Structure formats: structure tokens, C-alpha cells
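Below, subunit A partners subunit B and then partners subunit C, in two separate complexes.
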Partner chain A sequence: MSDPLLTVEDLAVTFPDPDGSDTRAVDGVSLSVEAGEIHGLVGESGSGKSVTARTVLRLLDDADVSASRLAYRGEDLLAKSEREMRAVRGDEIGMVFQDALSALNPVMTVGEQIAEVVRHHGDVDESTSLLSELRRKYVTGTSKSTASWRRAVELLETVGIPDPEQRASEYPHQLSGGQRQRVMIAQALAGDPSLIIADEPTTALDVTVEAGILTELRELCADFNVAILLITHDLGVVAQTCDHVTVMYSGSVMEHGPTDDIFEAPAHPYTEGLLRSIPEGAKRGDELATIPGSAPDPRDRPAGCPFRDRCPEATEACTDSLPEHALSAEHHTYCHHRPHEDGGRDDVRTSPQPER
Partner chain B sequence: MAEYDGAERTLGVRTERLRQFRETIRGDYRATFGLTIVVAFVLAAVFAPELAPYDPMAQDFAIMQAPGLNAHPFGTDSFGRDLLSRLMYGARISLGVSLGAVAIGGAVGVTLGLVAGYFGGWVDDTLMRFVDVLWAFPWLLVAILLVAVFGQSVWNVVAAIAFAYIDDFARITRGEVLSIREEEFVMAARNVGLDDTAIMFDEVLPNALAPIIVQFTVLVARAMLAESTLSFLGIGVKPTTPTWGALLGQGRGLITQAWWISIIPGVAIIITVLGINLFGDALRDALDVRERGGSP
Partner chain C sequence: MSTTDTDSTSEQNDSTAPPRELLRTAGLKKYFALNDGLLDRVFGETAHVKAVDGVNLTVRAGETVGVVGESGCGKSTLGRTLTRLYDPTDGSVIFDGEHIETYSGRDLKALRRRVQYVFQDPMSALNPRKTVGESVGKPLEVHDIASGTERTDRVANLFEEMGLMRSQLDAYPHELSGGQLQRVGLARALITEPDLVVFDEPVSALDVTLQAQILNLINRLQGEYDLSYVFISHNLNVVRHVCDRIAVMYAGEVVERGTTEQLFENPQHPYTRALLRSVPSVRERHEREREELPGSPPSATNPPSGCRFHPRCPEFIDGRCVSEAPETRSVAGDQGHEVACHWAELSVEKREAHTPPDGAARETIEREGASGEK
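And then the complex of A and B:
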């Protein structure tokens, strides 16, 4: 616990707008990912999950980033040059995107794309000079007898692609959606990272394929001791997969803690609302629970708690900046009313239902 | 998409690529036709000394401006030189100059456009203004300047034509790159730690190749005509050297008495240009893996 793999403290990301209404996509987010764990980052669309993840890899060129701490293995990521960041990306932190079809190069075979990463990370003794890469890309292709190609095939096998020798010579459009996602994971693994950021890796897939991919991620986590920061809007995915969860809403963290604690005893009205919205055991004709209203415009966010316009418990106090309450060593919530003054967590669970 | 059988499953990427290429060439009449023409003309040019029935410079005043005969299938010119032999030797200059000039202009232009489009901002502005300047230059003046300074030579012709085509390639490449660099796979490539050079040449350029290839074939055709223009104006290669453009120019005044002197080199140019264009079209389709489609 003493030295987390990834530490983000008080991260703020703003996209400047020449017309004056800057978009504050992320506002005061803190989270930490321990080595070897799966950490869920949950939130609805526009809550700043992906921006947070991409900021960690410094992939956003046009954003103003500030943080009191953004550290990987204790090294400050914001202080690194672009060249130093290249060594971090892939080698230390891999990334899996939501839409594998657009995140894979359509004119290169998948084996070629993985082999290239293997070569660039220097795991094999093959030239990566511009000329030799050009020759491979435009003339010969990567020879099947090279170490980088064999490693690519091996990685495809690791992520559970059947017949990897054959698949390696195919193009992304020739693979199924689930296989493409596995290729992305193989590519992320090619640099032997300690952390993989998976940005909605299963959103574009159907449920059975999704289950396969999630199982794969859990196994990788166990087999290779890779930590995974899993970005999702699906609480079902979180419940199945994650050790810890951070719940985001409109650019801020609402609550974070161990998955079990969050699901057993949610301590923030927003988390409660989310959990209540899961259509578990609903019968046809039942009205599904929702949270009334919609998320605030990130260009014009009210001061204080961003959830207060939709919160059943909101009071005047909610316009003040968010306080942090520790419910346990790991379980923290950011709400003016939680925990209730007169009781502990039990009281939270019996709090009155919001009017619909 | 190609069908795979057991034996082919063990093939490597390299042979796989060659196989696809062969298949495309065989299955596409444009490719077969275009490639046959181009290869035939290139062979005729390369082996001109062995194949040509006469010395292209040998004059025979007994048969000046003779039409096609058994001894001279394409007839003779006004000095009694064998037209077929001159065409074959002329192909060496015409094909060499046009392919060489477009290759050089293409290499420079594509690199400029790639760098400008990929980096954007002031790099883009600077490079593209430079390209605008190139574009604003009348290339004929450049050719005349080169000849005036360095004298008449094949290399100056190549340089002048290459110079004229840099801006075409730069613009087309930049336009493609501008849209490709926004694709997610480019960010994914940054994400696995590739540097800008690797992303530009390994990830972006292969996706921009289709229009560049088309441009290449179109410009090879134009370069052949440009070489003719320069020869016609007398600032091309040395006047006695046979090139297709020069042959055409020499026959121009005699079109009513001896049409074959100008028409036959003209037809040679047309057929070559047609062959290159057809092959280019087929090549573009063969290289574009997305065009081939396929089922997941």
C-alpha cells in the first residue's frame, strides 16, 4: 500500500476555447492504482474518465493539465519530456482502446503491428532504423522466422486467439470484434507494461464476447502481475472484474474504495442512484429507476458539488467545495451529508428514496 | 477475401503478399494489359542495341522518308534513318527520364507533404508556402535556367521535370495525411511508444498510398509529354539523340508528305501512357487491403 504504481492527486484538465468558455473536463481528480490490481474508473459519458486516462499518458496536446501529483512508480509524469514519455508509453503503461477497428492500422497485418511494437521496445535484436522498417513495411513484410514475429504470434496465443499463426497474417478487418479487441490487448502487452489502461474495452462488444475479454483481463492481471485501470460506464463489469473502484461524475470523484464496500454500502447519493438504476430483477412493465435530470455542461459547471442539482439530499451547503470523508482506510466519499451526523453506514442504506 | 487452404496456412507474410499480388495481377485485365505493355517497352528500351535492326544514327539517302517496307517496318525519316531503331533507342531516354523525374519529384514531394500534414502548425505553414513558391515557378523557365547554367543534358531534363512535380505530390500527400493523422490508430501508435518518424512512415504513409500511386501514373504520362516539349524547344537532350518527343517534333513539318514520322512516335507515347495508367489503377486496388473487403 505504501507505494502505489500510479498516483494521481488533484488532477485538473482544461481544454481552452478561444471564445472564452473553456471546458473543464476534469476537476480535482485523485486516484491511485496499486501494482497488480484491477482498478475500475466508473462514470457516465462526459464524466472525464477517458480524459483522465489519456492525461496519464500525456496524449492530449491541446489541454491545460495541472496536478499536485501525477506519478508513476514515484516518477513525476508531468516533468518528463516527450522522448521520456515514449519510453513510458507501451514499455510501462499500455493502452487498450474502445474501438479496436479504428485503433488498429487498417493496412497492416495484425502480426506486423504487434511485431513493430516488440522491435521498438528492444526486446529483440532487430534493427528499427528507418530504412529497415521501411523495407519491412513496403517490400518484404516482417519475416516469419524473426524473433519479433514469433513473439507477436506468442502474444496472440496468450490473449486467447485461436490459430494465432494464421491470424497474425490477417488484416484487422478480417477478424471479429472480439478478436480485434484481443489483438489490441496483445499489442498493449508487447512492451511488457506494468499497467494497462483499458478505455471501455468491451463497450462495442456483445455480452458473451465481453465476458471472454473480461476473463482474459483478469487472467493477465494474475499471470503477469499487470495492473489494469479499467474505464467503463457499466457497473456490472466493475462488479465482475475490479478490486477497487473510483466513481466519477462530471469531472470529479464522488467516491472511491474497494469494490465490495462500494456495492454493499454506497456512501454517496450518486453511487446509490447508479446502483439503484441497475435493472436487476425488474419485470416487464416495471418502471426502471433513474436519476432525474442530466449532467451539467462542463463549460458551465456550478461551483461546489456537481451533483447537487440532481441530488435528493442537496442543501445550501452543497455549493461549498467538496469535502472528503473517510469511511474506512480505503473507502472515501466526497459529500457534505455523508456519513450522516447521527449514524454510520447503516443509516446510509435506509436513507429515503428520492421523489420521482 | 482470399480463400485459404491448409497448405497456405503455413506461408509467411512475405509470400502471402506476393501471392495476393500475383492473384490481383492475374485476375485483373487492366493489370495484365498494362503490365505487358510497360514490360515490353522497357525490354525494348533496355535491349535496344541487341534488338534494333539498324544503327539509329545511320543515314541512308537512297530511302529518305520511305513508308513502311519490309526492310524498315516503320519507314524512315527525312535522313533515311530507320524509325523503328530510333523509337527503340528513344524509349531509353523517354521512359528513363519520365520515370526518373516522377520518382525524384515524388520522393521529395511526398516527404514534404507528409511532414507538413503530420506536424501541422508552423511546420505546415512554412513547408506549404515553400511548395506554393515551387508551384508559382513556370517550370519551363526553370528548365531554360538549368540548361543555360549547366548545359544540355539528360540530368537537367530530369531535374527540371522533377522540380515541376514536387508540389503535386506534396499537396496530395498533405491532404491525405491531414485526415489520417486524426485516426485513432495514430494515437494508438503514439501510445505504444513509437516516435514521430516511425508513425509518419510506418503508420500514416501506407494509408495515404492509393492517391499517390494514381498521381504517379498520371504524372509519368505527363512527364513523357514534358520531355517532348523540352526536346521540341531544343532545350532537352542533344538534338541528334532520338527521343519520342524529338521524333514527333521532327516529323511535325512533314505530316502531309510522311505522316508516319510523327504519328508512330505519337502512338508509342499514347500506348505507353495507357499501359502505365491501367497498371497504376490495378496496383492501387491491389495495394488497398480495405478495397478487397472481407468477412470477419
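And then the complex of A and C:
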């Protein structure tokens, strides 16, 4: 197997607090994204999934980041200068944010915003003379014809926006929520990246629209061989979109593996609890399974397994370490009690938690 | 849309009479004026956003009625109008036998005690400068129900009932988590011991584990306090779990209504079917592809002619869809199930033989239908 596109190993992100109570948002996260796959990063709010994604692009400058490895195509992202990172952002790794209305520039047409990325990417011939540009603007009144503009229109068409020529010269507020989200995807594609990080791209949308956006992402992934790191709290989104899933809880990875394994044979009490709490198929009046309690405060997270206070199977062992077990080459869980006792534990590797 | 509410009259002849009606709206409308300036009023016609446009909804004692639809379909406006947070433009709201659409002053205040509203975002619904204990206790003071230690005791007891701790009475909203805040929101609504509670997307902002906790709580409280619920949500999985009956809204109108089972097992309106097809599924992720419903909800100012869903309808029949607004009618052989679609009058054979016209053919029909209407 060739090197993965993105490798994150033992990532820790801490937000320093002058009072001394630092917030450790991410604590020992490892994940890898292969070229051309859709990798789901699932977790509740506050589990550190967005922080993990933003750290990959080095978008958080007030955080202390440490990792034994944070590599894109084998290149260390933490060693790059700010200038070199700028070449990575957009050109190599694109980003789609949850709230398109606040991520897009309200006073610029969406076509121009996409064209800007195309120009920044740097391989377009923009040569139009001032004279022809003036004639276009004041005499013929035809739409823009620069290469970057044409590319922007093309991209809008790619992401499934009807009447792209017309839409390109509109402003974000004139588009619907779903269309704005598609514009963001077009913008992320404009730099021709190999990886797109999509942070809750459909959370604010109706289910009817969400289904379309997710189909779009899957098609892009296949057509352009783009890998997507899809961050979401919604297991329904993951189930029908992703190839691999990483489940996060309170700053740590609980389990990761192929989507089918995670949904059909979950091997962590937290994942099992998550799947049981989905109301799908529940009949009127059924008591839904819940996970009692709530996630620990990231400023004061217990050592060992962060889930142990809510875990029905927690024992003494859970207070001091979070061991990794490989159930198969791809399916790993971080739990003392999985696989179950009779399930064979030859491949157990215990990694003690870093001291705090 | 005109409805003959056959379900309630016919069911009363049954040996097991249904529980009494607690709330009934008839032809309820809520329009918002768009350009309300003086000049507009004098010289022009005021355009209106027809957020709710003739809705009939019945809530019986002890049941939960779900209202589902895409954002902008008017479901929240419906909830706010039937609780008189908004004044209806037209139509009537009968609560416990009394017309409440004209209530004001003292009557309205008394009504507030019996009808409560739980908002989606408790963080913005609670006063950030007051402790949550104060916020929850305030209605007791406003309605002159209890004061002093009695008030404190009642709030503390209700907090425990909601799964909150007594120590959290003195917390400010920002000190609590999303799930805890929604419990406070529930407590604030239940403190006056209402008969009807309207929930507006109460769990949409919550993670799935918290969502399950709150839904269980909502279900348990209904039995304990003998409450009737109106449950507004876009999440069909949640609605299925909570509701006895469901009304599906599109562009300000109810397009289909029935029991939860009827709607999920035997959806009659193309819009309901499209909604169900777009729901994400964890269990059937291989068996069933999610399908997008193309297009977006129509303008609420100038809704499409005929059936408001026709421009997006994947099961478009013919010119009738464009020119004639479908009546709400009962679904044959399915008591209490009503649908507003021209499909309802066609036989099964005709439906199966039908292939929706597409592209140019459909455009022609739509153009002719539109001009024919004018």
C-alpha cells in the first residue's frame, strides 16, 4: 500500500489559558486519509473534530500543536513556513465550511470569488487588453470572458448549479442555502486540490438538499480523484457517504475502520451507544437508548479513557490507559474491553497515556 | 385549501370515542406585509409573505401532533400563530372550546399559562443576565401562582424532575451545556402546568446522545403531566418516534395529514414521498439510496398556481396540477388520512401507467396551464 495522502499521528492541540487551566481540545489523535476516499470524522460537539481539521491546515495560530507526525504526501506540515503553507491551502487541500453565508464575501460576486482562487492557483492565461475589457463592459455588455471567469462558470456547472453563467454574477445573499454550499465546494475545487476538508457541510441544510450535496461530494470524489475528510456529528450522513470512519470523543479517537465495520460490528462502547441512540425506526413511545451523563470538561479531562465516566463497562484499568486493539488491518478500537474477552487479544498493544 | 374534517365526526360514532379536542384551527392564515411604508400603503399594493395560508389542525387531549416540512414552509409561524405569539391574519383558533384568536389583555394572559412554547435555541430564549432558576420561576410570579419559599420549592422540584441538579438553580445560561439548557427550557414551559406545549425543533441543535435523552424526557413528561404536544421538526426520524399524528406542510399549506403509521407506511402526497426518500438511513444504507428533491421551496409571496408543489413534483400528472389547486380529501380505505393532491382521485391502474412528462412537454403544459388560469 502506498503512503496515505494525509497522515496524522498522535496529534495534541492545547489552547493556553492565562489562568493556567489550559484547554486540551485534541489529545493524541491519529488518522490517515487515502487518496480518493471519503473519510468521515464523527463526534459530538466539543469532541475536537473541527480543531483536528483546522490544525491540518494550520489555521489555528493561538494553539500549541504537537504531533509525532502530521504529513501531507509525506511532507511535514508542521515544519512548513507560513509562506509554504499558503501554497498548500487551496492548491493541495481545500476547505468547505459549515456556514457558507459567513465564509463567502458578501460584497463580491460568487463567480469572482471562485475566479480569484483560480488566479491564485496560477496557471491561467488572463491576457485581455484593457481596451477589449472596456469595450466588453461598456459597449457589448457581454459577460466576462477571462480564463479564470470561464473556469469559475465551469466549476459552478460541475457542482450542479443550474444556469451557472447567470449565477456567477450574483452575490451570496441571492443564492439559496444549498446553492451557497455548492459555491463553497466549487471554490474548494478551484485550486485543483487532492484533499478537501468539509466541516459539517450540510448541517444547516434541509434533508432534501443535504441528500443532493452529499451525492455531489461522492461524485466529485470519483470524477476528480479528490479525497474528502468529512467532519460531521450526524451518523446518517456518514453511513451513506463515507468509506472510512474515525469516531472521536472528548479529544481522542475511540474507534476507526471501514464504514461497514463501524456500523455493523462497532467495537467500542461509545460507538455502540451512539448507534443505539439514533431514533431511526423507533416507534411511538419507545424508550430510546441513551448514554447517561455528558462529556468531560476539556480543561479537566480525566486520565485514561475519557469515556469511562459514562461507560457501562468501565473498570479500574480504564483510569490509567487507553489501549489500542487492532480487530483487523483497518479496524482499530481504543478500549480495554474490546474485543470481548473470548475474542482473542493477541494483537494487543498498550500505549500508556502521556503524563499530564 | 378547504377541508371537510370528516375524521372527527365519523370517529365519534365509534364505540371508543376519541379524546376531546383541545385545539382546533380552521383556515388559519398568517401573512406578513413586505413593504409596509406609508407610500407603499397609499400608492401601491402591499405584497405579503403568505407564511401560513389556510391551515386546519386538530390536537386532541394527550396526543402529540407533528408538523414537518422544509425550512421556510411556515411550520414555525404556524406554531407561533396557534399559540397567539403572532396574531392570525385570518381563520380561527379554538382552544378548549373557546375562540382564542380574538383574545387580548387578561384573557390572553390566562391563555399563556395553559399554552407554552419551547424554542429551538434555549441559549437565546433565556435571559443571559438571570440565573436559570430565576428564569424558570418567573412565570409563577407573573401568573400569581406561587411566591417566596413555595416558588423556590416548586422550581427546585421541577429541576430535579428534569434531571437537573438543585445547585444549578443559581447557574447562568452560559454556564450550562446545550442539553442542560434545553432541560431548563422544558422546565420553564412546564412550571405553569400547561395543557398544551408547542415544541419548535427542540432537539435539532443537540448531539444524538443528548437528543435521545431529551426525547425520552419529553415522552415521559407527557404521561406524567397529561400534556398535549405540537411537535415542529424537520427530522422525520425524530417525528416518527414522538408523534401520534403528523401534518406535512409545504409553502404554507398542509399537503398531507394522518397517523404516523399512515404517513410512513402509506405516503400519498408526492412531497411526503420525496421527504421520506431524502431521509438519511443508518440501517438501510445499502438498500436505499438517499434522493435529493431538486429545486427549492417556492416564493411565499407569490406561490405557484394550482398545486404549490407542481414545479418540483417528480410525479407531475398534467395541466390540472398547474391550473387547479387540489382539494384536501380523505384517502380511500384509510380513516383519518387526508391528502391534497390530484393523485388521490386516480385509480391505482392509472397511477401505475403514468409516466410524468418531462422537459419540453412539461414546460408546455405549465405554460398553457398558467395562461389558462389567467
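Methods note: the second predicted complex is superposed on the first by the 324 of 356 C-alpha atoms of A that agree within 3 Å, B and C clash if a C-alpha of one lies under 4 Å from a C-alpha of the other, contacts with A are read in each partner's own complex, and residues count from 1 in each chain.
In the analysis below, a residue touches a chain if its C-beta (ideal position, glycine included) is under 8 Å from a C-beta of that chain, and two chains touch if they have at least 3 such contacts.
From a predicted model like this one, the values you see are computed outputs, not experimental measurements.
Asker: Once subunit A from each complex is brought into register, does subunit C clash with subunit B or fit beside it?
Answerer: Overlaying the two structures gives subunit B and subunit C room side by side.
Asker: Pick one for A:Ser81: touches subunit B only (first), subunit C only (second), both, or neither.
Answerer: A:Ser81 contacts neither subunit B nor subunit C.
Asker: Between subunit B and subunit C, whom does A:Gln166 touch in the aligned arrangement: first, second, both, or neither?
Answerer: So A:Gln166 only meets subunit B here.
Asker: Scan A:Met108 for contacts with subunit B and subunit C and give back first, second, both or neither.
Answerer: first
Asker: Output check: A:Asp99 vs subunit B and subunit C. Expected answer is one of first, second, both, neither. What do you get?
Answerer: The first partner, subunit B, only.
Asker: Who does A:Glu210 touch here: subunit B (first), subunit C (second), both, or neither?
Answerer: The second partner, subunit C, only.
Asker: Report the partner of subunit A that touches more of its residues: subunit B or subunit C.
Answerer: The larger set of subunit A residues in touch belongs to B.
Asker: Angle at subunit A between subunit B and subunit C: what is it in degrees to the nearest 10, using CA centres?
Answerer: With subunit A as the vertex, subunit B and subunit C sit 80 degrees apart.
Asker: Quick check for you: in the superposed arrangement, does A:Ser176 touch first (subunit B), second (subunit C), both or neither?
Answerer: both
Asker: After lining up the shared chain so the two structures overlap, which partner does A:Leu59 touch, if you call subunit B first and subunit C second: first, second, both or neither?
Answerer: A:Leu59 contacts subunit B only, not subunit C.
Asker: Give me, in Å and rounded to a whole number, the least C-alpha distance separating subunit B from subunit C in the superposition.
Answerer: It is 9 Å, taken between the nearest C-alpha atoms.
Asker: Identify the residues of subunit A that lie in both the subunit B contact region and the subunit C contact region.
Answerer: Dual-contact residues (subunit A): 176-177.
Asker: So in the complex, which bits of subunit C are touching subunit A?
Answerer: Interface residues on the subunit C side: 70-71, 177-180, 207-213, 215-216, 219, 234-238, 240-244, 260, 274-275, 277-283, 285, 289-294, 296.
Asker: Touching subunit C in the complex: which residues of subunit A?
Answerer: It is residues 44-45, 176-178, 206-212, 214-215, 233-237, 239-240, 263, 273-275, 277-292, 294 of subunit A that touch subunit C.
Asker: Flag every residue of subunit A that touches subunit B in the complex, lowest number first.
Answerer: On the subunit A side, the touching residues are 57, 59, 83, 86-91, 94-95, 97, 99, 102-109, 111-112, 116-117, 120-121, 128, 130, 133-134, 137-138, 140-145, 149, 163, 165-166, 168-169, 171, 173-177, 179, 184, 187-188, 190-191.
Asker: Mind pulling up the subunit B residues that touch subunit A in the complex?
Answerer: 1, 4, 9-14, 16-17, 183-185, 187-195, 197-198, 201-203, 206-207, 209, 288-290, 293-296
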